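Multiple structures follow.
Shared chain: subunit A. Partners: subunit B in the first complex, subunit C in the second.
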Partner chain A sequence: MKSRMSQFTEIRNKLAFNIKHGNIQGSLEVAKATANFVDLIASSDGWTVASDLLKIVNDEGKKLTTALPLHATVANVLLQLMHIIRAEYYYAVNQSTQAVQRFVESCMNCEEIQEKKFSAQCPGLKDAILDHIAEYKTELDLSVDNITEQAAEQIQPGEVIMTIGRSSIVAAFLQAKKASEHFSDFQVVVAEGAPQCEGVKMAELLAKSKIQTTLISDTNIYSFMSRVTKVILGTNLVLRSGGLRALPGAHMVGLVAHEHKVPVIVVAPTYKFSSMLSESHRSDNETFNLLANPQGVAKFKDGIIASNVKVLNPMYDFVPPDYVSQVVSNIGTYGVSHMFTAINELYGAVEESAKDLKMAVV
Partner chain B sequence: MPPKDKEILKEKEVLQAVVVDDLLSTDFPFSGPKGLLRLANVRLLDYTLSCLSAAGVEQTLVYAAQGSEQLQEHVRASGWGEPGAMAVQVVACQGSLTFGDLMRELDARNAIQGDFFLLTADTVCTADLRPLLLRHRATCARDKNAVVTLAFAQAEPQHAARTEPKQLLLGTAASGRVLAHQRLDPDARNLDLPLDLILQGPGVELRYDLSDPCLAVCSLAVPPIFSDNFDFQTRDDFVRGLLLNEDILGHTMYAHILQDEYASRAHSLPSYLATSVDVIRRWTFPLTPDVSLSQVDRGYRLDVVFNICKQSDVSIGRSDVEDCVIGEGSVIGDNCRLRLCVIGKNCVIHDDVDLCGAVLWDQCVVKKGFKKSHFLAPERTVLSKNNDKSISVKVEERMDSVDSDTDSSEDEGEAADEVDEYENFFNEVQDSLERGFGEKVNTDDLVVEINSSRFANDIPANEVSLWVSKVVLGLPAALKKPPKDVLAYFRPILRKYVGKASADHLNCLLALEVSAQNIFSHAKPFKNNKIAECNSFVCLIKRMINLKKN
Partner chain C sequence: MDVTKGAEMSREDIKAARQAKKAAKKSKENKKPEQKEEKTIVPKEKAQEQAQPKPAVVKEPVQKAPVEKIEETGSTDKGKVQQKSSKELKEERRLKQEAQRAAKAQKAEQAKAPPVIEAKPSKSVKAVTENVNKPAKPMLTGLARTIATMARECARIDCNPDGVHPAFLQLEARMQSRLLEGSTARVVGLMRALRSVINDYKVPENVAITRDLVEHVEKQVAYLRGRRLMSVALDHAIKSLRLNTLAYDVSEQEAKVTVNAAIDAYINKIEQDMQSVALNLAHKVKDGALLAVYSYSCLIMNALKQLFKTGKRFRVVVVGSNTHNGGMTMLSQLSDLGVECTYLLINQVNFIMPRVQLVLLGAESMLANCSMVGPAGSAQIACVANSQGVPVYACCETSKFSYDSHQGSFFKQNELEPEFLAPQLKNMPYMSQCSLRCDVVPERFISAIITEVTILPCSSVPDVLHSPSSDTVLKSRTT
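After this line comes the complex of A and B, so read on.
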């Protein structure tokens, strides 16, 4: 047992190292790497019954997320895969799709789930789990394509689209639309997203694909919104309620769009769906927001500021579900009111997944 | 970044770092090694190791002057050095006390294979160290004599991070080569720089806006330099020694100024408090307690609204708490006001406590009504109004703007002299008039004496009347003679100095006001006779009016 523990330890540490240093870049790559890690655990010989596997994944997952507190994708993928393992067990035990259907649908009913100890021996369970994980990994690989396929229907010619900051998936979405038809002229207005000002890089990306791009500062969002027909946002997380945890400034964009009756579309693959319900409801260990380095807002070398002024630089913004119209993901487009059900299918009931992992999730 | 990493690892060498854990300053009430000192409830060593790990260092050697077993235990418990992560090795050096001694140990053990990062255990740095390493490699490729690249952080002269009394003056050439490195006395008004420094060529920079986080990238040649020079004790000795011997040995140093990145040291009490405040204010993010810096001190969650970073099981009463780091199990009472505080585990703070900039280590108790700023309370101290065992740290007010810096210091000097001059004048005139009255000296002679005294003390003409009037009006009380006689005797003097100019009249009135106050406050002889006081005052005024009429 001990030697197997240390085997995972080395791989886990290398994974954490690579993600932290930016050797693995982008949330998609991080998600794939995490899925590979769980695949490795599942294919090893260290477990015989489902509860063992769940325990190992739980332990390793705890340590991994502790080492990577700023990468929510890691926690999401781990939780989703754990739910998959449970679903496979349930199917293996009951051998009927109806039972699994009930399991998935009755996710609200967590007493049933609590009774399940996941400790029965099931031949073929390992293969089933490995197959399902392989399916999940394929889904990840195809996530960008599945999303960009929907670009053609989401964006009409002649539209003026606003976005804020930089999101690679939104850029891919827009580039796909540009490439799809010969004559799709639509414009994009990019808000810079201070203080990171990643919007500048986004504007460069879009301009390279010959999309008509305008770059504005965050303070001009209100004045431009009257000309905008659609807002497309990327996000860090989509919450169960349909709200978002996105970059600072997103709330403002949502609010202004709401006032101007402009639809807000969020482009997010499933590994960005979070089991967090909303910004106020959080389990013991989750934190919704963090204060990042004020260096983006003011300079440390300015002595007056550094010693006397409190400089706040929050990492995330909460966008309430009221401001969001649709979520475009690789499993389809959802209206915001369907997000709760959609996420329940991925994670199980709120209480069940909250007990999982018990780690410092950010 | 991946392509550049491949460049670094081209020669298949292991990227190393050396953390020098020399003796902790005796100001700190802490007996363990420096690396285990808690900064915002997390050990200093964790900050250093996190910074190195983020830079992709593969092996870190911690050279400890004392407490190496404790350090080893901490490294093991925190999970540093697990397979796949950065390897951390703690090396015990018995008998080594200073930075220099530990570097000599390093040389003796021959553990270094190539370029390495050199830090002290109290360095807190969020900068990405990889560009620093690349710059060092580029410099070494260009200049074969380059031995070390020193990193400096920027901090303006009035910055709170500049806690040391002697600040750094750095002279660099256009290539970044260090030409001068001096620690300037704050009182010194002169600066000695060798002329050939300026004549090095275009682009010579003299910088006074730097702070030294004791961070550097060294090449293989550095440890032998310490062995050759047994008197190198601190890093400053090393730098100065290299500069002095540049012609002989030919080693050169380069400087790298960190842009928009945080780096500082926590080696003395003032710098420790300043760095604690920086951690609380998030300047050191992502090296903050809530972003799980350490496997051991975990579980901090940040309350974003009030910037309170606390562990579980902390209870805060109805208090005004903002910008704090609070360890688990601590209890804070009602009606307290806490700002910029670090509170350890299991502390108890009672009601009505007002703390600002305080650092309390584990299990402290603060009694009701305690109020103090800028101090450090060691473990298990009980702080109350009567019994205050905390260690105060002097923090200068840095509210002045940078421009008025030179002016204010000059004014202070002058003002001090001016006060002395006036006092001198006052005393001299008082002495001569008292003597004059006693010996019945001619008032013309007294006028000569007053004038000479005035020129000796350089009193401006418009203020003479004020001071002379003050003296004369104060004389009746000083001489204990009735005002009538005294004023009558000194009438010519008053007439001479209080002329027709309205400024003089105003001065005289001012003097009257002051002496009236003095009379009433020092009216001990007349204590039982308030009427007599008033009478004497009225008498004085009458005399003045009479004098004016004449």
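After this line comes the complex of A and C, so read on.
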């Protein structure tokens, strides 16, 4: 047993290293890498019964999330895959899809999970699980395409759309709408998104796709909002309450949009759906937010001033669910009030599994 | 795969669905190059269908044009296509004319401009000639067009630096480069520049001094106006000098003495006003409070200095912005004082807002519809503060109250920032950039205005403007 544990340990450490140091860029890549890792565990010989597999995945997953507390994508993928394993087991035992549905519904109660021991021997369970994991990986690959298919309905001609910073999914969304019909006449206003100022790259991307783009400074968001008809945001995470953990400035955009009664659409694939409920304890919550290098806020040449003061550079921003109107994901569009149920269904027994993985639940 | 949906389907169906998904993914990768070919084929067919019923004479040019037009603009109406081509020609002609006009103006400036500004004209002449050779950019619509029109209007104003006093040229340069920032600081700068103008002024022979002096000063101010640097406070300052009420038979020496005295009095008044504002602010700031300030304001800086010297201990959060240095200036001056400071950018203000007790905003002016004009970004900060229940105080002397009244930030005097956000993308097609200098903060976000007289609610602005005790001179509308 120990030799097999060390086999996964090395791979797990390498994965954590790659993610932490940016060798794996972007949430999609991180999600794929995590799915590959679980695939590796599932296809190894170290388990015979579902409960063994769940235990191994849980242990490895716990260590992975401890090494990467802020990369919630990793935890989300793990939660999803563990749910898949449990569902497959339940199907294998009961051989009927109705029973599976009942099982999934009953996942709302966590005690049910604890009752199920997952210890019955099921022939063909391994193949079924590997099959399902492969399907999940295909889903990950198709996630951007599934989202951009919905672009045509979400954006109407003549719209003025605002966004902040750079999100590759939002860019793909807008480019898909532009490419879809000849009469796609809409404009995009991109806010810079200090301190990273990724909005500049986003504007360049969009202008290259022949979308009429206007690049504005973050200080002008309020001035321009009266002329904007929709806001489309990318995000780091979608929380269970329907709120977001997004880049700094997103809260401000959402608030100003709320003031002007402009709808805010969030574009997020399922691996960004998180078990976290809210951003409780705000700045003290270590798993929610991080104070990054102040270099982005106060330049080095201002160092003489900056050495006597506190310079803050929080990495993320919390957007409350009141400011968001809907979430467009690869499994469909959800209203914000439906997010709680949707995430519970997606991950089954969220609170129990998340606690096992030492992920934040509240 | 959503397992709940599998209730109705059997195991085989699920497997079949998975196979279909895999096949769809593979076929998608093969389809992409094919789809592109299909798209280019379709418009050509459409063009041929259109060209057929038309007379032969018009056939050729129409056939060529729609192929590109459809892909770009999506217009399939033949009449529209013809109009657009002539419109494009007009655009090109207009661009050329503007380029030539700009080149002329640049040459005129080149001869007279002081060394500070000399570096600019040669670069812009080059850029202008390059623009003429480039093909016309795609037509702008909607919001981008509004911004481009504003930018063009700003640039078109002809301001000739001939005969402008070097003190004013220097003033303009300092204001433009934001060395001199904040409404009050600019007024003081203006007054000082005006003093050197008056001292160097020599009355020409046989001309009434009052009229000539007024014209002379107006000429200097017109240069600033042309550069879009005038504000309400500056206008009021000039008017308060009452240059047109000097006696007819006064000698040049006496006139200079009178005007200089008026200038000194005004500067004194400004300083007194700043002290009064500081006293009024003391009512609102409690010991140990955490204040938030945005960008640089001479008035607020002075007030906080006074408060600190009288022994009040408070902490400050300075909110800065990426586009200008006001925040850093404020931060350096406050930390030199010894105040405990924190600094962040406007995007992150939500992070600290729950801890803040009050927000102080420096005002450029107060409008007659009770909204406040401030540096760009003030509206957002006021909005965030409002949502968290934090009171927002506007600091503004009554001399900055104005009869103007507009909604929203796209008003005529609101100039666009000279520096582009991303200068490397300046001439990219389909791209426009915009950075407004001022913001209009709606009345509902502001809790009170701290003036030198007293602390007023926003709705009192028209009362102050129309009150019998207010300066009759200032009652004339600002342009």
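We take it that the second predicted complex is superposed on the first by the 339 of 362 C-alpha atoms of A that agree within 3 Å, B and C clash if a C-alpha of one lies under 4 Å from a C-alpha of the other, contacts with A are read in each partner's own complex, and residues count from 1 in each chain.
FYI, a contact is a pair of C-beta atoms (placed from the backbone, for glycine too) under 8 Å apart; a residue touches a chain by one contact, two chains touch by 3 or more.
Please read these numbers as outputs of a predicted model, since none were measured by experiment.
J.: Have a look at where A:Pro195 lands relative to subunit B and subunit C in the superposition and call it first, second, both or neither.
T.: A:Pro195 sits against subunit C, while subunit B stays out of touch.
J.: Could you tell me if A:Val311 is touching subunit B, subunit C, both of them or neither one (first, second, both, neither)?
T.: Both subunit B and subunit C are touched by A:Val311.
J.: Which partner, subunit B or subunit C, is in contact with more residues of subunit A?
T.: C
J.: Under the stated touch criterion, which partner chain does A:Leu70 make contact with: subunit B (first), subunit C (second), both, or neither?
T.: Only subunit B; A:Leu70 stays clear of subunit C.
J.: Using the touch definition from the top, say if A:Ala152 reaches subunit B (first), subunit C (second), both or neither.
T.: neither
J.: Can A:Asp302 be said to touch subunit B (first), subunit C (second), both, or neither?
T.: both
J.: Touching A:Gln187 in the superposition: subunit B (first), subunit C (second), both, neither?
T.: second
J.: Is A:Met252 contacted by the first partner subunit B, the second partner subunit C, both or neither?
T.: second
J.: Which holds for A:Gly22: it touches subunit B only (first), subunit C only (second), both, or neither?
T.: first
J.: Is there a shared patch on subunit A that both subunit B and subunit C touch, and which residues make it up?
T.: Residues common to the subunit A contacts of subunit C and of subunit B are 289, 302, 306, 308, 310-314, listed in rising order.
J.: Touching subunit B in the complex: which residues of subunit A?
T.: Where subunit A meets subunit B, its residues are 6, 9-14, 16-17, 20-23, 66-67, 69-70, 284-285, 287-295, 299-304, 306-308, 310-314, 360, 362.
J.: Would you tell me which residues of subunit B are touching subunit A in their complex?
T.: 1-2, 5, 53-54, 56, 82-85, 126, 153-162, 209, 260-262, 277-278, 281-286, 290-292, 295, 298-299, 301-302, 304, 307, 312, 323, 398-399, 401-402
J.: Under the definition above, what is the set of subunit C residues touching subunit A in their complex?
T.: 1-4, 6-11, 15, 18, 21-22, 24-25, 28, 70, 72, 74, 76, 138, 140-144, 147, 320-323, 328, 331-332, 335, 340-352, 354, 375-377, 379-380, 383-384, 387, 408-410, 417, 421-422, 425, 428-436, 439-440
J.: Along subunit A, where are the residues that touch subunit C in the complex?
T.: For this pair, the touching residues of subunit A are 84, 87, 97-98, 100-101, 104-105, 131-132, 135-136, 138-139, 141-142, 145, 158, 160, 181-185, 187, 189, 192-195, 197, 200, 203-204, 206-207, 210-224, 226-227, 248-249, 251-252, 255-256, 259, 282-283, 289, 297-298, 302, 305-306, 308-314, 317-318, 331, 345-346.
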